[in-house]
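In what follows, subunit A forms one complex with subunit B and a second complex with subunit C.
So, the complex of A and B:
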């Protein structure tokens, strides 16, 4: 090891890997993954979220799953919890829509209204 | 580097390893593969979580769900339900007896962890100890970097002095002062040694640290090397700790590969290497002078002090020796400052102490508490109290060198000086809890038996004196005790303490003297009434049948292996004390609870 910068680089590289265990603040993306969700294609959606978060090297974001939210006809359903903000529920997602949510909502703070449950139920 | 959405941490400490955690890791691997989850979910084998009583333990992040008592058969359910569908498997979660609703839980909700403060154990159960990158991600080696690039050796020593850190190996000597002695000792070659011998029966703090966070020890030893002016370290670890030895070996290799050990660390002219020395498990080799003889490849026998190791240690060179847990605190002190450290604890005992909780306690395991926490808090709030509704009788700290603490001192704050004041000692951290069913004379005998076995035999007070004490205890527990025996024990004990060559002999009488101090009446009952109040000492044990309760059913006559019981049907039976071998089978069988230890 020649310098502190080198140490810092290893730290940054690994941090993303272990962050999950460090503190559980930050944004949570929760994907409905009960039988209904999986049947409707929730797994590709979940993978798309994980991939986007990694590609953009986003910190303090956890992607987890949950059971049936109760409105099976609207699956795949995803809830986004940002600290200090109202929960946003997205419905009938696809991997493409997931990518847009990461870019617009999670990174830039603009809720993608057209995918939300409110818009779908109108 | 890959991003995983979930981490599964399986405890790979010795406790959980022996309750089957290796099979669990295999099962997870197979199940994750089956469900195609390998790329999303990371499987990590960690060090000890501390709650060994309910092992094997599995923790799933990001939820922090805390599964306990997991078997390989449970793994498919955790994978399918929790990891695939996101439904926590409630019936496999840890159940907290300290809580009213009895269902928990995520890690931070468990009562066991609430009063703890994990400073030395901060990475245990969090990182993968076989991956240096994970240690680095949790600020590992940053303290070494800071020390080498921003601080002078004296700065380092002053920081450790200001923190108030004292040795965790037993004696509680101020660590900064010890470093200063080693620095000031004249000599071109100096050594840094780590005492990982851990010979106390029932102690496993250092083992868990080495297994769970080996790099923190390496980093601290390098810092010590810089502070005292040494380029060579030795870790003296017992060969009976195979997992610790393996992880230390891996850690040293990885650190060398990254250049965190070796030549010109961080581009400075500081170089440092560490080698392992395996001990064969003699208790006396934990004593500092014996340990250093053993490192040199000689017979592990103590030598008189002075000269102290700081002046003349390994290979007759100035040597610094510290305990594993002492080292584990060092990087943190450098990173967060002496003041941060000294805020925790009491006036003269700073920081935290790790204890291995064992004996008659619900949550056997590893706990780390701020100095000054009371014994009551450790036993009842963290340890979950005494099993089966029994009454607390005493706790033994300091193992065979320490003493017992009776119920009247439950509220004593645990620190070096308070424990010494009540006739016990901090010791290295073994904490054995005893209840009403333990005989204190028998306990003292147990510890003395251990030290007699482990005495190296070099000096007569210890070699002969402790043997005589053991003979007296044997006499008392077998029912042949005489008036005056207690006084003889006291006199012998005090003389051995004053005249033995090394710490082993100087502390060996402590368990006897402290049990006499607090439980003299039990000794007297053995001697004068030939009675063991706890019903432990076999020769003093008598089983009697109460003629009021006995209905003469005859069941006892059938289970007695030596036909010592006789009596007419439907009339009270009696036991022939000459035939009875005190196995207790009759008492267990009697449907009317008519047979008791008398």
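So, the complex of A and C:
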């Protein structure tokens, strides 16, 4: 059972790590969360990114949302911003695809080309 | 949308677009009355009466990327499909409350879904907004507020993934606890 005491332990543990990761520029993962995105499965995709980042204990990664990206038929849409690199837009994601993006793109720096908007529009 | 919790996530996107700094979410379940109530209340810009009326029309939206606004009409259609209803109470400059009732007897009634996932998503993406979640099942009640949690976190951000993970489990376990103990057979006569 999750307790408020456990929250206190998380606080102590995490604050030490946070001090280490301050000032470092991180990767941003932005999930489209308008009605069309939510209906297409944006919430499980966002939570899959969160779980995978946490499981691998990756630092400097922000997972957040935006409103409508404007291409409803390609939702769920996720944009990945790595510092010093061009934005990569992934489309029609699922939790499984999200996990692969964390492993291949965010960790190993290899864009998963087959999931990108460029590949979908061909 | 597959369930009510996804509609709630979507309806709160409107509150966020309306500049709300506080959002209250209440779920009230009374299975013996076949009722599930959802109430979402924000302190955003609100709407005047003509905007409020038009907000339920799919061809009304203030968004710029698309000519239709679907969130509210879809949620209303789902509530009504079950035999329930949806109402909006809003005032320009004060805020907006969306109230829906679902009739849980109907086979068309959506399941509630994972409210913990909706709350975790909202808190992660909008750490500056205060969210309050109240879930009652008969006379049992679970309350959660980001303000309380922030008070316990000190310098640690509520959007830290370790905290989000904790919140998700904490809410899920407490909702489970609401259902435990009260015999679910209460609803089986219908």
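FYI, the second predicted complex is superposed on the first by the 99 of 122 C-alpha atoms of A that agree within 3 Å, B and C clash if a C-alpha of one lies under 4 Å from a C-alpha of the other, contacts with A are read in each partner's own complex, and residues count from 1 in each chain.
Basically, contacts are C-beta pairs under 8 Å (C-beta built on N, C-alpha and C of every residue); 3 or more make two chains touch, one makes a residue touch a chain.
The shown structure was predicted, so the numbers you read here are calculated from the model rather than taken from an experiment.
Participant: Can A:72 be said to touch subunit B (first), subunit C (second), both, or neither?
Facilitator: So A:72 only meets subunit C here.
Participant: Figure out whether A:47 sits in contact with subunit B (first) or subunit C (second), or with both, or with neither.
Facilitator: both
Participant: Which holds for A:102: it touches subunit B only (first), subunit C only (second), both, or neither?
Facilitator: A:102: touches no partner chain.
Participant: Mind working out whether A:33 is in touch with subunit B, subunit C, both or neither, as first, second, both or neither?
Facilitator: both
Participant: Considering only touches as defined above, state whether A:16 meets subunit B (first), subunit C (second), both or neither.
Facilitator: first
Participant: Between subunit B and subunit C, which residues of subunit A are contacted by each of them?
Facilitator: On subunit A, the residues that contact subunit B in one structure and subunit C in the other are 1-2, 4, 7, 10-11, 13-15, 18, 33-35, 38, 46-47, 50, 53-54, 63-65, 67.
Participant: Which residues of subunit B touch subunit A once you look at their complex with the stated criterion?
Facilitator: Of all residues in subunit B, those touching subunit A are 1-7, 9, 40, 42, 61-64, 84-87, 126-127, 133-134, 136-139, 141-142, 145, 149, 258-260, 265-267.
Participant: Flag every residue of subunit A that touches subunit C in the complex, lowest number first.
Facilitator: Touching subunit C from subunit A are residues 1-2, 4, 6-8, 10-11, 13-15, 18, 33-36, 38-39, 43-44, 46-47, 50-51, 53-54, 63-65, 67-70, 72.
Participant: Contact residues on subunit C for subunit A in the complex?
Facilitator: Going through subunit C, the ones touching subunit A are 1, 6, 9-10, 13, 17, 63, 65-66, 69-71, 74, 117-118, 120-121, 124-125, 149, 152-157, 160-166, 168-170, 173.
Participant: In their complex, what parts of subunit A are in touch with subunit B?
Facilitator: 1-4, 7, 10-11, 13-18, 20-22, 24, 28, 30-35, 38, 46-47, 49-50, 53-54, 62-67
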